[in-house]
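You will see two complexes here that share chain A, one where it goes with chain B and one where it goes with chain C.
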Partner chain A sequence: MTATTEINNIISKENLVYKKTDVLLDNEMHYCPGCTHGVIHKVIAEVIEEMDIQDKTIGVSPVGCSVLAYNYLDIDWQQAAHGRAPALATATSRLMPDKYVFTYQGDGDLASIGCAEIMHACNRGENIVVVFVNNAIYGMTGGQMAPTTLEGQVTATSPYGRDCATTGFPMKMSEMVSLLPGTRFVTRQSAETAGAVRKLKKAIRKGFENTREKKGLSFIEIVGTCSSGWKLSPTQSNEWMKENMFPYYPLGTLKDE
Partner chain B sequence: MAKFKGAIVVDTEKCKGCGLCVVSCPTAVIELARGVNGKGYHYAHMANPDACIGCSSCGLVCPDTVITVYRAKAS
Partner chain C sequence: MGDVRLMKGNEVIAEAAIRCGCDGYFGYPITPQSEIMETLMIRRPENETGMVVLQAESEVAAINMVYGGASCGKKVMTSSSSPGISLKAEGITYLAGAELPALIVNIVRGGPGLGTIQPAQSDYFQAVKGGGHGDYKLIVLAPASVQEMNDFVDLGFELSFKYLNPAMILSDGVIGQMMEKVELSDYKPRWTDEEIEKISGSWATNGKKAGSERNISTSLDLDSAKQEVFNHKLQAKYRAMEENDVRFEKIACDDADYLFVAYGSSARICQKSVELAREKGIKVGLLRPITLFPYPTKQIQEMLGQVKGILSVEMSAGQMVEDVRLAVEGKVPVEHFGRYGGIIPTPEEVVEALEEKILGK
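Let's look at the complex of A and B:
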């Protein structure tokens, strides 16, 4: 048997082990090559498919690169003003308590302009899932410093590296919200390897299961990359993330009640 | 010999050539092509198909979810 015929024999329906879930639409994503947003979208879509909640899930997209998330996941969506996704999600989940409501927010959106909204939604323990994508930068607007930018990190607005004496220190949002009694599940994950993607999927599933059980707020941070903002290739970005982000933003679950 | 033989199909027109699948593959199956797709990206392809074990690592890490994975028991 030639190699080509062997491959053609393997490529058949009964041998299929991994394909794009139908909850992801066919629209090509506008994200830069290698952007973590794409992986996170896919994982959320896979969880929605596995839990069979496609017609019961409502996402709230942010301002940031993921503003157009509604083009990619085939569920109901709203799009919030910058940082206000937790407020919109609060109203939605209170009015429709049987829906699975989640916000999807970047670090600029959640930790900077939306810092008040997320703190109070967490403190109230709204019955929602928060997906927080921490790439340590404002990706969409061209790579400016975010509250999560690391000390010394070069961005468009910190060309000599972030100076904590004048701009404060990188904010550890997961640690902060884990102190609030309203949060039930707080975890920090990543998505750069197959193992990390599998773990992230379990965490997101747990979040939606908490919603089903009316447990309150699940906060899922994902440490990700922004190769355009960081001015590295996608593979170099993963290495930079492991070396610089993981020590300051350690992975793992901070709270599970 | 590996217990499983695998194969992947890349939707080459939608691939953005990020290379994350290349580094995720435990058996060095994937390379970026010398040629480019319609968007100008060096798309991923199976350069070393015999080594594929169908583990799905490449599919899981692909941000654009353009890889389909197949796996069969090795004969």
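Let's look at the complex of A and C:
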């Protein structure tokens, strides 16, 4: 038996216990090793496949590391200007109310330049899912301070550590949007362990189900890592996240109506 | 005669939007154009045609809602006035870069800055030469009557879908606020999903069809070689607009020794100035550009064997006059006359300017 036929026998249908969803494309990802985006993409793709809504889902990704997200999920995408994804999603969802519309935004995008757009989309209760990846730093532009950067955290634009007296305090976006009557489901998740990924998937599925039931806006924050920006190895990043991010950004569901 | 009414220019924009099958309007209040959204809110087209009308949290959000709606292959629009259009500039260049059709209405007021709420034509450069970043052009329509406010909504959508490029109605506070007789267009139904599939199926992001490629609405290409090829494509599109879709009107030009070039409300004023000058024995005509891009360059050049001088009349410090001079290439004198900051010139002032700046030479 040749090596190839042996492998083919192993991966025969009856032996399959796991299959990569076809919604996730084979394009090589631009994300750094250890980055959380890859796992989150996979989870979203799996939910889309399991709910059989590939032909009805439109992703909206703005500027930041998510700018090239359209390369990885086999659905229709809109690439938005920095911070503006919730505005695009608002119109898309209102003009096509039978579709599933989600935004995929980082912390610089959502909590800084796009603060007005996200607050008002939440306040209007748009029937969309917001996936908010919070890694406390601007990744794509090279590791600058974000609104969610922790106190004392060293970044390219806070080289001596974030000084809250002059730069303000890390913004808790989930807590803020949970106060708005327009949001129906607000949760903060992570993706550093298999268990966390399972919980995250459940949350994202709930978000898309809320869209199906026309319940309004689901806001899913994911506390993630940025090994390149944090200047740590992927495993060190996970440790740093648990020690520093989780106490300030506690995991759990803030609102579920 | 169809449905003839006495209406304000701004109200007519709203009415024309509903009647031409527009799918969505996204706006933010600003004087002197707020009647557009107010009229839509009173009319409640969501109950009549299903058109979505939404007051956004800012001009920035409104234009990005337009980007989202346009990406779905829908007929969507926004309106604003000068300071608001500056805020929309980012979204407008993204629309141009993603080759999306949309209609943007600018009821111009005087500037710079917060300026004044009175009419002006000082946003010509912003509309015609870009406004946002990058090499792009808008299709720019300049109505000179309330009737044209009605007609250009449908025309704007038609041209923007023909070229997959945003179109702008560049009007001003005079046309927006004045009441005139208008024959409203007949109702056209909104496009069905099947029609959208036929018209925009190759690019609209309205859900990936089984067995076909997904559509992506983007203005990003990090590969410079591809970005240059894309820019060539855009430029070819703009040349096609210049070839096929220049619109203009000539008044009293057959025997003219001199020429006014003016658009929008200035052209209305110049119509009277033509009469007044001719009473004095000065044979002057008026060339009114209707499309400011593509500009009627050839049509001005065709007048050069005939006229001895040209006066460009604008409610600005002299913006369109640069395009007149580019067309004329120094062959006859070209001068500018304008009032600005919200002041509207009188027909008599325009004739005086003609005598002083052109005939006096």
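Simple rule for what comes next: the second predicted complex is superposed on the first by the 245 of 257 C-alpha atoms of A that agree within 3 Å, B and C clash if a C-alpha of one lies under 4 Å from a C-alpha of the other, contacts with A are read in each partner's own complex, and residues count from 1 in each chain.
Operating definition for what follows: contacts are C-beta pairs under 8 Å (C-beta built on N, C-alpha and C of every residue); 3 or more make two chains touch, one makes a residue touch a chain.
Since this is a predicted model, take the numbers as computed values, not measurements.
Student: Is A:Lys231 in contact with chain B, with chain C, with both, or with neither (first, second, both, neither)?
Tutor: A:Lys231: touches no partner chain.
Student: So, does A:Arg212 touch the first partner chain B, the second partner chain C, both, or neither?
Tutor: After superposition on chain A, A:Arg212 lies in contact with neither partner.
Student: Name the contact category of A:Lys202: first (chain B only), second (chain C only), both, or neither.
Tutor: neither
Student: Thinking of the overlay built on chain A, is A:Pro33 touched by chain B (first), by chain C (second), by both, or by neither?
Tutor: First partner only.
Student: For A:Lys42, is the partner it touches chain B (first), chain C (second), both, or none of the two (neither)?
Tutor: The first partner, chain B, only.
Student: Quick one: is A:Ala89 in contact with chain B, with chain C, with both, or with neither? Answer first, second, both or neither.
Tutor: After superposing on A, A:Ala89 lies in contact with chain C but is clear of chain B.
Student: Quick one: classify A:Ile75 as touching chain B (first), chain C (second), both or neither.
Tutor: second
Student: Which chain A residues qualify as touching chain C in the complex?
Tutor: 54-58, 60, 67-68, 70, 74-81, 84, 87-92, 94-96, 99, 116-117, 119-120
Student: Can you list the chain C residues touching chain A in their complex?
Tutor: 23-24, 26, 52, 54, 56-58, 60-62, 64-69, 71-72, 74, 76, 90-91, 94, 98, 205-210, 214-220
Student: Within the complex, which stretch of chain B touches chain A?
Tutor: Chain B residues touching chain A: 5-7, 9, 14, 16-20, 22-24, 41, 46, 49-50, 54-57, 59-72.
Student: Using the touch rule from the top, collect the residues of chain A that touch chain B in their complex.
Tutor: For chain A paired with chain B, touching residues are 3, 6-7, 9-12, 15-20, 24, 28-29, 31-39, 42, 191-194, 197-198, 233-235, 238.
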